[in-house]
Amino acid sequence: MQELEIAKTEVVSLLNTLIRKYKVFAPVEQNGFITFQEIHSGSEAFLDYINSKKPPKEIFFPQSERLFSYNLSKGAGWGVEEPTLEEKQKIIFGIRPCDARSLVLLDNVFDGKLYKDPYYTDKRKNTTIIAIGCNQPGSTCFCTSLGGSPFSQDGSDLLLVDIGQKYIIQVVTKRGEKLAKEHNDVKKAEEHSLSLMRDTMETAEALIKSKIEVQKVTEKLDSMFDDPFWDLVSEKCLGCAICTYLCPTCYCFDITDEVTGQRGERVRTWDSCAFPNFTLQASGVNPRPSSKERLRQRIMHKFNYFVANHGMAACVGCGRCIKECPVNLDIQVILNSILNR
Amino acid sequence: MQQPREKAGEWEPKIIAFLCNWCSYAGADLAGVSRLQYPPNTRIIRVPCSGRISPLLILRSLQHGADGVLVSGCHPGDCHYISSNYVARRKFAILNNFLEYLGIEKGRVQFAWISAAEGKKFAELVQKVTEEVRTLGPATRLVRKQG
Amino acid sequence: MKNPYLPLPMRVEKIVIETEDKNIKTFSVKFLNDEDEANFNYLPGQFAQLSVLGEGEAPFGIASSPTQPGELQFTVNKAGVLTTALHNLEEGEIIGVRGPLGNCFPLEAFESKDTIIIGGGFAFTTLRSLINYILHQENRSRFGNVVVIYGARSPGLLLYKDELEKWEVRTDLDLHLTVDRADKDWQRKVGVVPNIVKEIAPSPENAYAVVCGPPLMIKFTLPVLRDLDFPPERIVLSLEMKMKCGIGMCGRCNIGNQYVCKDGPIFTLAHLNELPSEY
Amino acid sequence: MLNTSVAIRDIAKKLLDEKKVDLIIGFEKGSVPLRSTPCFVRSTSEADRLIWNVNCENNLAKYLPKTKERVGIVAKGCDVRSIIGLIKENQVTKEQVFIIGIPCKGMIDRRKIEAKLDGKEIIEAEEEDDTIILKGHNLRETIKKEEFLHNSCKTCTHRNPVIYDVLIGDKVVEDQAVDEYREVKEFEAQSHDERWQSFSDEVSKCIRCYACRNACPFCYCQECFVDSSQPQWIGKTTNLSNTAIFHIVRAFHIAGRCVDCGACDRACPMGIDLRRLTKKMEMDVKELFHYEAGINLEDVPPLATFNPDDPQEFIM
């Protein structure tokens, strides 16, 4: 692996150079929390943060996205207008390793063997991911239980490690290397910096106290579908979509038509297994009629079905659902209770 | 109903009027039968009673491009369903205040009582509402734009 | 790369009201572009997403058979937003089609076997496709005996009546029609489908059973087949779920780790027995 | 607080023992600092999980509609007002509910605390009389509870349960001086354009997760208007028109019913100022129809009735 370094004082100017050539997304502070947005100046980036409120998945899989539009006027014929997908090359700067990893999980779904989702894959293809490792993981982080770590390189093209005055740049992919080499401020890492990096990484990893044996959870779930456990654990669930909408790996969506005057569009919008309408059929039948079945689906999907289909759990341990649940229905608590059954 | 004349580039307000079947719609009918002149900008939707008007109908009209909404029912005490317009009046009071509170321009949504005998009042009302909405200009708030 | 979300335009050529309650119509549709038609290769059991622009999209089993080229047929029960929009269509109007989607009946496995086809109500659509496929002169010799048991609540609710009459007189097909409630002209069987299956008692030997119908019919037919010694590996079902994308992405139609739109809609009972009972 | 917890456990055990209720809904310790979490207790052996502290912010009345069981419910002033509303709306019967009332001095808003900490995370929080001691990495701070109350608690005028079957602890002094509609009036004083701008800024944060709706004890409709497909009232996208109408109608639907428990406001992950909407509804209902929700079991809900002399200056 190749390691480079850049002085922190040069980061803003690095971003400014990148902005000239690419569409650059970075964490910015807005309304009192962090979101990923396109920045137009390097100084807008806010890198001293635990994690963003909304996961950066929305850059690839926006909450509302037009699939195509059409004209309903008489005489317009089959007025379907295909969207143009080509986009300017993008960079996401400062994403957390867990969120970068979530993209690898999403690729399994949207870039499948049989079908490819052109809207997602196009954006993915055109985007370089520059992650920053977590020197100070959050109190609800449990990435190490899911095969990740505060410095996981999965899904990143470059991974930055904060060593005080500088960032070490770990080169993960060819694409990352090419980008890094474009810039004069990026130098080969000094041996002293590398030793600092190793210390930093070790200290940070030790800060994550929670360790859940997720593989065992997966095995246990094999025989837990009809367990009364689900009645108990779902009792306090409000059935809102916070946990799924703020999850970097949840990808369920709805497709609807929205019409204004004679113009219409088919749009894809985030949807959630927490909602009754998600599975309600036109006949009135609903295979998941209550919060019990719906919560079970969320957990089963993440920790059992997805593992069966793609060889990994659909969770990266970012802790957003834990932080934001209005009734403190904590996924770590759920997983531990599963292990204890 | 006669379509509003839209000359090239000239904006004409579109107004949705929800009229109750028993009084206000008959009032509009009387205005027509009496050959009273009033602006052709209103599209009338007949409803059984002003009590049937849900705020959703009003908001949806604005979402889909109405520049103004007029809601009219029987005068208090004259409701065909005895007291529905009284109950509706409470809803309208709350809604009227609330829309204004949120910054929807005063006059976009208006309420009236028109009896079956008040053809003249109806014509004057439509005149007045049309002019007020015209002064406000095209609605932009709550209008759904694609994109 | 082909965009799997884009519907292809088709013209509604013919609309047939199937049932006396007028709630079920069959739409014959033709591709506007020859190229689209050439690319649309399907087999019985598969489905497609039908679009009415401005209203949305919904999945329907393909009721025609690939042995009848030139058009597709869909039989639609009026229930929700999209089906109502379809029912309001007139001949000559354009709709969108996306597909073919999902898997087909295990036709290769059916070869040189007897096929017992059991259907109820308006779920008969893809079974009809299967029957027409097997009966086609180029295919018939590859399959063994075909027994069809088809029931509806009343005679007026049976689909494809003209076709049923033709099938009845054929010698290479054993057709049993039944209704829950007969009218005065009804000459055939009376009784719910599971009871008729019991009465006819098809032999499980070298045979597959294909079951498609309302949940209650399936619930009571499966034990009958089990009593007749049909092994779960040779009982084939077609499932329905709410679907949106049809390509295994939108996440709502799963039964366990299987997506009905992509891995189904056709499953053997043996396979379903391994999955959670959430359907 | 410990005494209150013990008293709740005792009464819970007694009620379950005597088979007066099937279920106790209360709070237990949460999994993260400054959180308590709803807790469902059906046997006396589980009753020791029950606790009481300044983090018991959820409105447990949410769990009452459609319940078949006889429920003992731990309820603050605002929760009791919600229960009254639900009884009036026939979502639960008075006989079915045993109210364990708790006078409340306000619940803590952890987001306000977090905002003060400059990104530092709280690993541990200890409650002590009127203060909370916060501990974390590079963090040790003592804060005053009253400075970090939820907004709805700061303007609360019914801290004491207005009805109850048992009251735990002494009644607290009600704040008579507070002007609970100050913020509404300040907002009203702005121009139309400013108000619209500010309202659209707020609702454009919305991600349509419906946590505000689902946290509200009065949002129990079988089918919410946003979920209806025939007709589809508003679209599913997050465009401003859709989200604005969602929030207008949601607020309208709880006019005359909202007791300003603040559950919607607290549930919103995006920090939308939802009380700006609901508080206006509450104020207007009070001014126009002289009604305050959840104060007694007798008054008829204001939008289910009328007075021939109701104001109608706005009607032509």
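Should a chain be cited, it is by its letter among A, B, C and D, assigned in written order, with residues numbered from 1 in that chain.
As a working rule, a residue touches a chain if its C-beta (ideal position, glycine included) is under 8 Å from a C-beta of that chain, and two chains touch if they have at least 3 such contacts.
A quick note: this is a predicted structure, and the numbers were derived from the prediction, not measured.
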**Report entry** Chain pair with more C-beta contacts, A-D versus C-D
**Finding:** A-D
Report task. Starting from the mean Cα coordinates of subunit C and subunit D, work out the distance between those two points in Å. Result -> 51
Report summary line: Separation of the C-alpha centres, subunit A versus subunit D, in whole Å, is 31
Query raised in the report: If you average the Cα atoms of subunit B and of subunit C to get two centres, how far apart are those centres in Å?
Result: 50
Report task. Return the residues of subunit A touching two or more other chains; collapse runs of consecutive numbers into ranges. Result -> 254, 256, 258, 271
Requested in this report: For subunit B, write out the residues touching at least two other chains, lowest number first.
Outcome: 144-145
Report task. Give the residues of subunit C that touch two or more other chains, as numbers and ranges in rising order. Result -> 80-81
Report summary line: Chains touch in the following pairs A-B, A-C, A-D, B-D, C-D
Query raised in the report: Taking the complex as given, what residues does subunit C use to touch subunit A?
Result: 1, 3-7, 9, 32, 51, 53-58, 79-81, 83, 94, 96, 215, 240-242, 244-245, 247-254, 256-257, 262, 276-279
Query raised in the report: In the complex formed with subunit C, which residues of subunit A make contact?
Result: 67-68, 70, 72, 77-80, 82, 109-110, 112, 114-119, 121, 225-226, 251-257, 259, 264, 266, 268, 271, 273, 278-283, 285, 287-288, 293, 297, 300-301, 304-306, 308-309
Report task. Using the touch rule from the top, collect the residues of subunit A that touch subunit D in their complex. Result -> 31-33, 48-50, 53-54, 63-64, 136, 138-140, 207, 232, 235-236, 238-242, 245-246, 254, 256, 258, 267, 269-272, 275-277, 322-324, 326-330, 332-333
Query raised in the report: In the complex formed with subunit C, which residues of subunit D make contact?
Result: 229-230, 232
Query raised in the report: Which bits of subunit A are touching subunit B when the two form their complex?
Result: 69, 258, 260-261, 263, 265
